[in-house]
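Chains: A, B, C and D, in written order; residue numbering restarts at 1 for each.
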Amino acid sequence: MTTLFQQLINGLSLGSIYALLALGYTMVYGIIKLINFAHGDIYMLGAFWGYYTINYWHFNFIFALLSAMVVCAASGVIIEYFAYRPLRHAPRITALITAIGVSYFLENGMSYLYGADTRDFPQVIKQVNYNLWGVRVSNIQILILVTACLLMILLQLIIKKTKMGRAMRAVSVDPDAAELVGININQTISFTFALGSSMAGAAGVLIGLYYNSIDPLMGMTPGIKAFVAAVVGGIGSVPGASLGGFLIGLLETAVQSIGLSAYKDAAVYLVLIIILLVLPSGIFGKNVKEKV
Amino acid sequence: MTSLLNVEDLVKNFGGLTAVSDVNMHLDDDELVALIGPNGAGKTTLFNLLTGVIVPSSGSITFRGTDGTISLNGMKAYKIANLGMARTFQNIRLFKELSVLDNVLIAMTAHYKEDFFQSVFRLPRFYKTESQIRKEAIELLKIFELQNDLDKLAKNLPYGIQRRLEIVRGLAMKPKVLFLDEPAAGMNPEETADLTRLIRQVQRDFHITVLLIEHDMSLVMNLASRIYVLDHGSLLAEGTPTEIQQNKAVIKAYLGEEA
Amino acid sequence: MILKANWKYNLCWLILMVAGFYLMNTLILVGIINSFLENMMVTIGINIILAVGLNLVIGFAGQFSLGHAGFMAVGAYATAIMISKTPTAGTFYISIIVGVIVAIIAALVVGIPTLRLRGDYLAIATMGAAEIIRIIINNLKITNGPSGMFNIPQFATWPVVYIMVCVTTIIIVNFIHSRGGRAALAVREDEIAAESMGINVFKWKLAAFVLGAATAAVAGSMQASYLQTIAPSNFNIMESIAILIIVVLGGVGSITGSFVAAGILGVVDAALQNFGALRMVIYALVLILIMIFKPSGIMGATELSFKRLFNRKNKKVGAKS
Amino acid sequence: MKKSTIKRITGFAAIAMSAAIFAGCTTAKTTTQGNDQTGNTVKIGVNMELSGAAGGYGNQMKQGIQMATKEINSKGGVNVNGKKKKIKLIIKDDKTSTSTSASVAAQLVNNDKVNAIIGTATTNAGTAAIPNETKAKVPALSPSATDPNFTLQKDGKVQPYVFRACYQNNFQGGTGAKFIYNNLKAKRVAVLGDNSTDYGTGLSKSFKRQFKGKVVDTQYFSAGDKDFNAILTDFKNKKIDAIYAPGYYSEIGLIIKQARQIGLNVPIVGSDGMADAKLVQIAGAKNASNIYYTTPFSQTVAKQNPVAVKFMNAYKARYHTDAPTFSALAYDSTYMIKQAIENEKSANSVKITKGLANIKDFNGVTGKISIDGKHDANKPIAVEHLNNGKVVGSTQIK
């Protein structure tokens, strides 16, 4: 029984990481229908920013986290401006290839400049384990879980309650109509990228701290998993992304705990396919039918 | 003899909204029937139900095929099409990036066979069927004076010609019934007059039943032998053009209370 | 009438293929093409087979598949396993057929459920399916797990690959210009209109998908026997993406484009070997810049066509007289 | 109509025929005597994973090779039959891809006419390069390809032009098995191996084959995984005495960290992929206790080995960090080629091959190396013991 709870905690803590990353995917996809392959690499940039500022500029944790969010937001906006904006009216597959190009550029650019080695993240917060009825939880696990939930609520508030959020929703439904009613599309999309990328930046620092290991290719695997999570949850939906993240985290943990670790990724993809077959737009996705 | 197409108590609900309610109608061989009604009356929805694009909530649609009457309820759209029901779309749905000839050839897909190996290895049989089918398509296009545009992309044709090509494409399916969804929309009077001639010609030469949705009353009154009037999803009236012109309910629906 | 016109074009293509073969052969005999260049060209050839097959699925049937490497893996392992057991040329050719058959079965198993999905959802589902295939191969005993298989006898010499490039391209191009290909194009253009024209949309999607998978298996067989080494990691998501890049770079819907892009990328890849860690940075930048300045790819949707060349000439002659 | 088809078919037949004929011609002409040494340099090609999945390890090897070359050249170069020739490195990236590796090998042996090749880091990329190397009769020495069959042909005969400077999996896995059973007296062991490379699975398999106790559970992970809590929680319930975890330091470091954090304190035994200072940094010094790994490059043993001491100091001076095993193996590989040239008094590639096959008691950073009949590197193996992140002892295993 304790083991079951322990595995549940393990799954939730892994899931909160995917959820954190999936939020950024879902926002960008929601607004310009682009699978932003570079999102995982922005997360990597965030982790490296944290690494360097803490090690060399001796930032404290909160300041490193916030500055990483700002830096990642800026890089997200810059990437959108140079790589995606010129392609806004091009075929979507072209934009996708560009996103892959940006991803390669960031991964290999960082490898070239700083080396492809794994390095250890400075442990600015001492890890403390709490023992609750035999179940172990660490303070950093709780921190990540709480941050993921807070950011999700914050995002939902921004989207539902603010003027910018309204603009985002309008652009995602019909950019042309949104422009007609006076919404500045470029600004709205930039803002979305800033928001999504700052999530990735926060995730980078938190996860760097949690696992204590970062490298230039660290965004690749979680990036794809997080995208799968976003799709499972219904891409474009904020609660969906979080739910998808937790679902994938729990699933991976479950598969590993029953001893099928070699097939853990296969199980994730299998569940993805099954969910899409039953719900073609994911759990919270809206199924838009073409009007005849 | 039963009607070619028979619709009984047809209902379609979208969530809480009833788009089509208790519609009864029939189409007989070789007649030209019009379906009119104000915007949002459910005309296109009815078309979509008849052609299998959407599935009815209740009621029945039956079709007199070569071997007996067949129920079309829940049948896949392509199967219904292959029974002999062709259609055009309100917002032209040609294969835009393909040539005029390809548009017509695609519509003929069900009417010829090409074995995979024949076509991939270009066996003699392939060339034979291909030249036959092309000849047929070109002849059809000739009737509608499109023979000089064979290799043009559909998207590059003028609007009126696109409408015409869509009708030709429907005819290439060798249908028994042709559904035309607002064929005169966006046309000037001259083009509309052309279209009227065209539809008449189609009906005369090909001996098919035509069901026509149209807002242009002159065209409808000119062409149709019978008219169905749809309002708020249900049938308001049915009759010959003269009957409909004098029907109080129809006038009310079209012109509002004061009339 | 059509026939007479067609055999002229067919002959042109045939001459081009044979001439290409003899040109390459002569260059090898006089030593201009050494084994490095031969290696590069064979790699380009294999990439052409892959890209042409994927282009059929994406460019002509309009189905966004990201799982091409999975089917390639099926063909590669079929060949590797069979010719490692009985290393004869006969087994090699049988193994290609076996690979194709298994790939067709795999494509049916993957395609029948997933081809109901659209756009990016289909992409992510096919990507998942390909990963499942790879993970299974990675954990099987007969495939030797992650170590992969090596010391595979080489039967796929460059002439074999050359002929396979020709054969698969002929098959796919001929398919596109036939009843089935036109139906697939209709599906790409407008599913609803295609359906109302009596076209079984799902069937033709599946046909294109399966044919694409079958050619991918051929490419896999070629690679396994030419390189004499395969490992599951050769067939991961990145490989599927690499094939997709060739297709998009060349032009979605242009077979000629796939040829051109596979050639250019093959040369660029060989040239960048000297740049070490910088190579992928340059590659990424080139990719981004081409996409921004040529969003529809190098060739757009245009094809090299002898028919058009002839017609243009005829028109000119006609204008003069 | 018929005509065109027939033409087409005959055309195809023509292609097929000529293909068959000329295929014979093209392969028949490649009979070389290997690449001779020309000019004032000995050309050594480096076919290495500088980008892609194994890019990190490949770059460490590149550093080792460059260091060795610089040292040799600063002393005048390699002594080729009395004349000092400088080494010219030609470094090319194979992207951790089999097809690129084959292409790199072809370019090195044909265009650059190298006399020997160092590489590759991984078995898969290495085997893809073998046909081209064999055709050109140029030897390839891999610093770290560990699959037992890497140096063997299909029929079990040795690959004439392929060598390695590291242990093969059976040897190292067997040593791990002996150590856990005999020295740690552990009877119930769980295996947690890297399933994305031949290295992790190869070691897992050979360990399981040779371990005399009970292997309670075998689980796998992939390179790039970061969360092992689920597997470790599962292990914790299985009452195991030790974990055998073959893989690279980036993942094993995390496994150690997470195992200790959930209170799983059994010994964790690994392989030479762990022997890197980064292991302790990632795991945390406090967590890195009760850790053992098989390695040729023991820091304690190295203190008695002057070559190793020199290497470690030089590496630290140049790169400001402790030398990783991969750099050491690559460094040794470079010197082994130098040794082969000097023994044979020739830098012809076929001669170098012969020289490499005959290397005996070569004094390397990673121990006294002899190449055996299977072109494997025989050298002593040690098990290092970490406590609180420090190497506290090492055991020689016979």
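The rule we apply is simple: a contact is a pair of C-beta atoms (placed from the backbone, for glycine too) under 8 Å apart; a residue touches a chain by one contact, two chains touch by 3 or more.
All figures in this text were calculated on a predicted structure; none of them were measured in a lab.
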(request) Report the chain closest to the protein's overall CA mean, measuring from each chain's own CA mean. (result) C
(message) Taking each chain's centre as the mean of its CA atoms, which one is most distant from chain C?
(response) B
(message) Please tell me the distance, in whole Å, between the geometric centres of chain B and chain C computed from their C-alpha atoms.
(response) 40
(request) Find the geometric centre of each of chain A and chain B from their Cα atoms only, then give the gap between the two centres in Å, rounded to an integer. (result) 49
(request) Would you mind pulling out the distance in Å between where the CA atoms of chain A average out and where those of chain C do? (result) 33
(message) Centroid of chain B to centroid of chain D, CA atoms only: how many Å?
(response) 70
(request) Indicate the residues of chain B shared as contacts by at least two other chains. (result) 53, 89, 122, 127
(message) Could you pull out the residues of chain C that touch at least 2 other chains?
(response) 3, 6, 10, 138-139, 192, 277, 279-280
(message) Using the touch definition from the top, which residues of chain A touch two or more other chains?
(response) 108, 111, 116, 262, 265, 292
(request) Using the touch definition up top, name the residues of chain C that touch chain B in the complex. (result) 1-3, 6, 10, 170-171, 174-175, 178-180, 182-183, 185-186, 189-190, 192-201, 301
(request) Show which residues of chain B lie in contact with chain C when the two form their complex. (result) 51, 53, 76-78, 81-82, 86-87, 89, 93-98, 102, 105-107, 109-110, 112-114, 116, 119-122, 126-127, 130-131, 134, 169, 173
(request) Going by the contact rule at the top, pick out the chain A residues touching chain C in the complex. (result) 29, 33, 35, 83, 86-87, 90-98, 100-105, 107-109, 111-112, 116, 224, 227-228, 231, 235, 262-263, 265-266, 268-270, 272-273, 276-277, 280-281, 290, 292
(message) Please output the residues of chain D touching chain C within their complex, sorted ascending.
(response) 1, 3-4, 7-8, 11, 14-16, 18-20, 22-23, 25-27, 29-30, 50-53, 55, 59, 62, 91-100, 102-104, 106-107, 109-111, 123-124, 127-128, 130-132, 135-136, 147, 149-150, 152-154, 195-198, 200-202
(message) Under the definition above, what is the set of chain D residues touching chain A in their complex?
(response) 51, 53, 55-56, 59-60, 195, 217, 219-222, 224-227, 229-231, 233-234, 237, 249-250, 253-254, 257, 261-263, 278, 281-282, 284
